[in-house]
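Order as written gives the chain letters A, B and C; numbering starts at 1 within each chain.
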Amino acid sequence: MPELPDTGVDDEIGSGPTATEAFEREQHEFGGVAGDSGLLQVGAIEAGPASTRRRGAGLGFGAWAAIGWMGFIILIAVLAKVGILTWGDANESFASCARKGPLADEGGAKGFLLGCDSNGRDMIPRLALGAWTSLLVAVGAVTLGFIIGGTLGLIAGFTGGKTDTILTGMFNVLLSVPVIIMALALVAFLQGASGEEGALSPEMILIIAIGVVAIPLIGRITRASSLTWAQREFVLASRAQGAKSRRIMIREVLPNVLPAMFSIALLAIGIAIVAEGALAILGVGVRPPTPSWGNMIALDRGNLFKSPHIVFEASLLIFFTVLSLNLLGDVVRARFDVREGGL
Amino acid sequence: MELTKTVAKRLLQLVIVLLFVTMFTFLLIRLLPGDPTTTIIPFGTDAQRAVLRQDLGLDKPLYEQYADYLTNLLQGDLGKQYNSGRPVIDLVSQSLPVSLQLMIYAQFIALLFAIPLGIFTAYRAGTRSDKAINTSAFALLALPNFVLALFLSYFVGAQLKWLPTGGYAPGWLDQFFDSSRSPDLIEHARYLLLPAITLAVGQIAVYMRLLRSDMIATLQENFITMAKAKGLSNQRILWRHALRPSSLTLLTVAGLNVGTLIGGAVVIEVIYGIPGMGLKIYQAVFSKEYVELQSYVVVIAVLFVLVNFFVDFLYTVLDPRIRRARAS
Amino acid sequence: MSPSEDRFGDAPYDGPMLEVTDIKTYFETDRGLVRSVDGVSLTLERGKTIGIVGESGSGKTVLSRSIMGLLPKRGVVREGSVKFEGQEFIGIKPKEMRAFWGAQMSMIFQDPMTSLNPVMKVGNQITESIREHLDVSKSYAMELAENLLESVRIPEPRKRLKEYPHQLSGGMRQRVCIAVALACGPKLLFADEPTTALDVTVQAQVLDLMAAQQRERFMAMVLVTHDLGVVAGRADDIAVMYAGRIVEKAPTATLFANMKMPYTEALLSSIPKLAHDSHTRLATIPGRPPDLVHPPKGCKFAPRCTYVQDKCLEEEPPLTDLGGGHQYRCWFPVGTPGGAAALEKNRTSASPAPAAAVTSPVGGQA
């Protein structure tokens, strides 16, 4: 078997629980959902905190940087959408700039700090507006997923019995169809349903499609959490007091499930942003000229060879946003994770 | 006796799930908008469309359609692609092994890196190397794999021209599906290497962290101290004692991933131009080949359920305590 | 392998087999440095047993692991000297220690359920140790394993070899652990609360078994426990530990007959006896062990001692050697005029001494 490198730090194996380390053990109850749309990240949800920082140490540099970034992005997105600060016109084409990156020395790129896309449109306002679209879709989808999936999961975990079996069965059947295909089918269906005039905007369609796909995923996670809490003694105590089930569920179990769910939500938003991107590459979703980070990448992926900056810039934004969300999700979870038993 | 009862129970569950899955897929495809007849013969007359509709069985009531569909399915008839008249089963046997091989390679690469890394970081938990690796893994998770795919195909494919960026050559699995496709392993490897790496990268990060987490917990257990007290080397303790009890979560996730990726990693296949199931599905959706699409989805869903079933079974092999708990 | 044959073929060492001098083991934690073992010395000859007795938190488990060298390096301070057959352990590399572990010295742990690898067959767990240290074939190792299981009185040993730990009862599991520990014929055996996790009925059997093996193999044994009853008939010497130090050490008979430390006395009197009437209140030692990060000045047991005087809270008592292997640390020892006076003074005064669990000096019986 391959030898592990000995870095010279003395061996630690088998010395029993040490007084110095404080490792957290995560409860794994479900697996991740893979998929090339980046939904592998769901597995990361269960993988434990990124750092072994001790609790109560205050938010580290990473967390603050993440908050800063998210704040920045949200601000830009809102400002761009509302029209206050647009940094140029997202739709205006400048022929001279077409396909020129920020480093192009020919005159066309002057004044365009981030270059232009293949249609000569300034990248900066497009990225800003794209932020709005991508965030809107992601947050909308996750909200939808939580409202329906979260509720169903909460009920399933708490009620148990037949209801639980049926709901879990439903989740499992829904999940046996690959996520992309579900999403594609849903988008196609919704596009047809909204007719030629487009009663539903592409963003709305995406929100519904990604949201519906998220329902069984979020449902399963919520159910697991709900199940754990429902088995605790304080629920039993509540029942012994004569409280009605629904009341217990809402007043006792839900508040305990929420913090964990909030952390999952943050991660899910990141996943949804990536999902939007994947769907855009498949040619589905927000239609140009409306920019979204995903469709900017999709549109100009053919130009990757000559003008990599387009894809690069949008990808970088996605990367940092998802990274920040993941970090924040981790931090939230580490803060609110109540250890059973241990002091 | 107990074992057969358990197996029987599980098989029954399997059948029920499969039934629901096929029903669901059937309904799902029916949701897709548009009249397939207009897509298939856009310039035909109404009469021609009517004939076509009858051909496709679209005029029968829903439950009859489902019954027919199920019967055909059980006989191995997956229908025909209307545009070309080719039986879907041919298309499946052409594309399924492609996706399967891609998935196998991706998982293999992922585990190849993730297991040693997971063990190493658990062993050296808290040290600088652990933190560095963990941070990198964490960052890697934030990278969408279509971005990675685009960049890899650009830099390695177009710029450096080391590997091709599209196309396919048969590998070792294809011949079992279609004996006429003889392996060209070198080319096969060249075409699939980049896509497999792209798929594997994200998974490495996830697997590694899962394993690390479980191993750290296992290493605190008494039997590890006992193993140390026997005078065994660290390597042996890590690989022989600590790894097995810690690998359950990893197995669950890997198993689920296998099931999910059977359907082909659609976006990867599209970007790299790999003719797997994913690409076929993508094409079927857009060309509104509903019969074809339906069959694809059923095949994938069924395989997914079967893989999960198998993973479940593997559990009992890995952990004899579960074997006993289940049997009782 | 004959017991007296030195494994490395050198001339046998003529000093004590195990010589521990002023060993200290501290853990670095957020709260500070935890002084789990704060200066312990003892010696052990081959074939003899020393019992280390103390409450949880006294440092007895840490002591045994520290002597054997099983603690991690990171975050642990280990000082002093541990000599095994003249070989110094403190400061040597872990790789070198591995030659000793399993072959020269072994440990039996408290909880047999968690000491055995749950996913590995019992037989393999034994042969693993054998094959690590002895150059024998797999089948021979299995034979040895079967013999070992037989010698620890496990019925149907051949069948057991193929079973998993969870298929065995607690007592049997502990026997397996004993078999694993004895597999390579070590000269020194550490038993860390070996019977605490077992049923009372099984405890005696396991202890007898260990004693029998020890005699047969001429092993030295370090028996760590919180239960004086366990060591009563089975140890040659007893060391009583409190707050990381040995507070009294004596040959067994001497200890029970002529104990000097009030703590020892309290421990003894807290054992329920058959001779007592039913409904006799169980005597306990009130209070809690001291904080090992900021230990109190003076005698560590003082806050809970029934004999406590002001001097005890101020000054740490020195080690008094009574000869014959009897050592203790106390200002007002049991069975002395000074001690009796102190006890009487506390009993009659209204001073904030802890509730007397012992109302008269206990002498004599075990």
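Rule of thumb we're sticking to: contacts are C-beta pairs under 8 Å (C-beta built on N, C-alpha and C of every residue); 3 or more make two chains touch, one makes a residue touch a chain.
Keep in mind that this is a model prediction, so the values were computed, not measured.
Participant: By count of C-beta pairs in contact, what is the leading chain pair?
Facilitator: A-B
Participant: Which chain maximises the distance between its CA centroid and that of subunit A?
Facilitator: It is C whose centre lies farthest from that of subunit A.
Participant: Determine the centre-to-centre distance between subunit A and subunit C, using the mean Cα coordinates as centres, and give it in whole Å.
Facilitator: Measuring from centre to centre gives 54 Å for this pair.
Participant: Could you tell me the distance, in whole angstrom, between the mean C-alpha positions of subunit A and subunit B?
Facilitator: Taking the mean C-alpha position of each chain, the two centres sit 22 Å apart.
Participant: Show the residues in subunit B shared as contacts by 2 or more other chains, in ascending order.
Facilitator: Subunit B, residues with two or more chain partners: 126, 222, 225-229.
Participant: By the touch rule stated above, which residues of subunit C touch at least two different other chains?
Facilitator: In subunit C, the residues touching two or more other chains are 70, 74.
Participant: Would you pick out the residues of subunit A that each touch at least 2 other chains?
Facilitator: In subunit A, 9, 11-12, 14-16, 21 touch at least two other chains.
Participant: Please give the residue numbers of subunit C that touch subunit B in the complex, ascending.
Facilitator: 68, 70, 74, 98-103, 106-107, 109-111, 114-120, 128-129, 132-133, 164, 166-167, 177, 180-181
Participant: Inside the complex, what are the residues of subunit B that reach subunit A?
Facilitator: Those residues of subunit B that touch subunit A are 17, 20-21, 24-25, 28-29, 31-34, 116, 119-120, 123-127, 129, 131, 134-135, 138-139, 141-147, 149-151, 153-154, 158, 199, 202-203, 205-207, 209-210, 212-214, 216-217, 219-220, 222, 224-229, 234-235, 237-239, 242, 249, 252-253, 255-257, 260-261, 263-271, 278, 281-282, 285-286, 297, 300-301, 304-305.
Participant: Would you mind writing out the residues of subunit B in touch with subunit C in their complex?
Facilitator: Touching subunit C from subunit B are residues 126, 221-223, 225-233, 241, 244-245, 318-321, 324.
Participant: Tell me, which parts of subunit A touch subunit B in their complex?
Facilitator: For subunit A paired with subunit B, touching residues are 1-5, 7, 9, 11-17, 21, 23, 25-26, 28, 30-38, 40-41, 43-44, 46-48, 50-52, 169, 172-174, 176-182, 184-185, 188-189, 191-193, 270, 274, 277-278, 281-283, 297, 301, 304-305, 308, 311, 315, 318-320, 322-323, 326-327.
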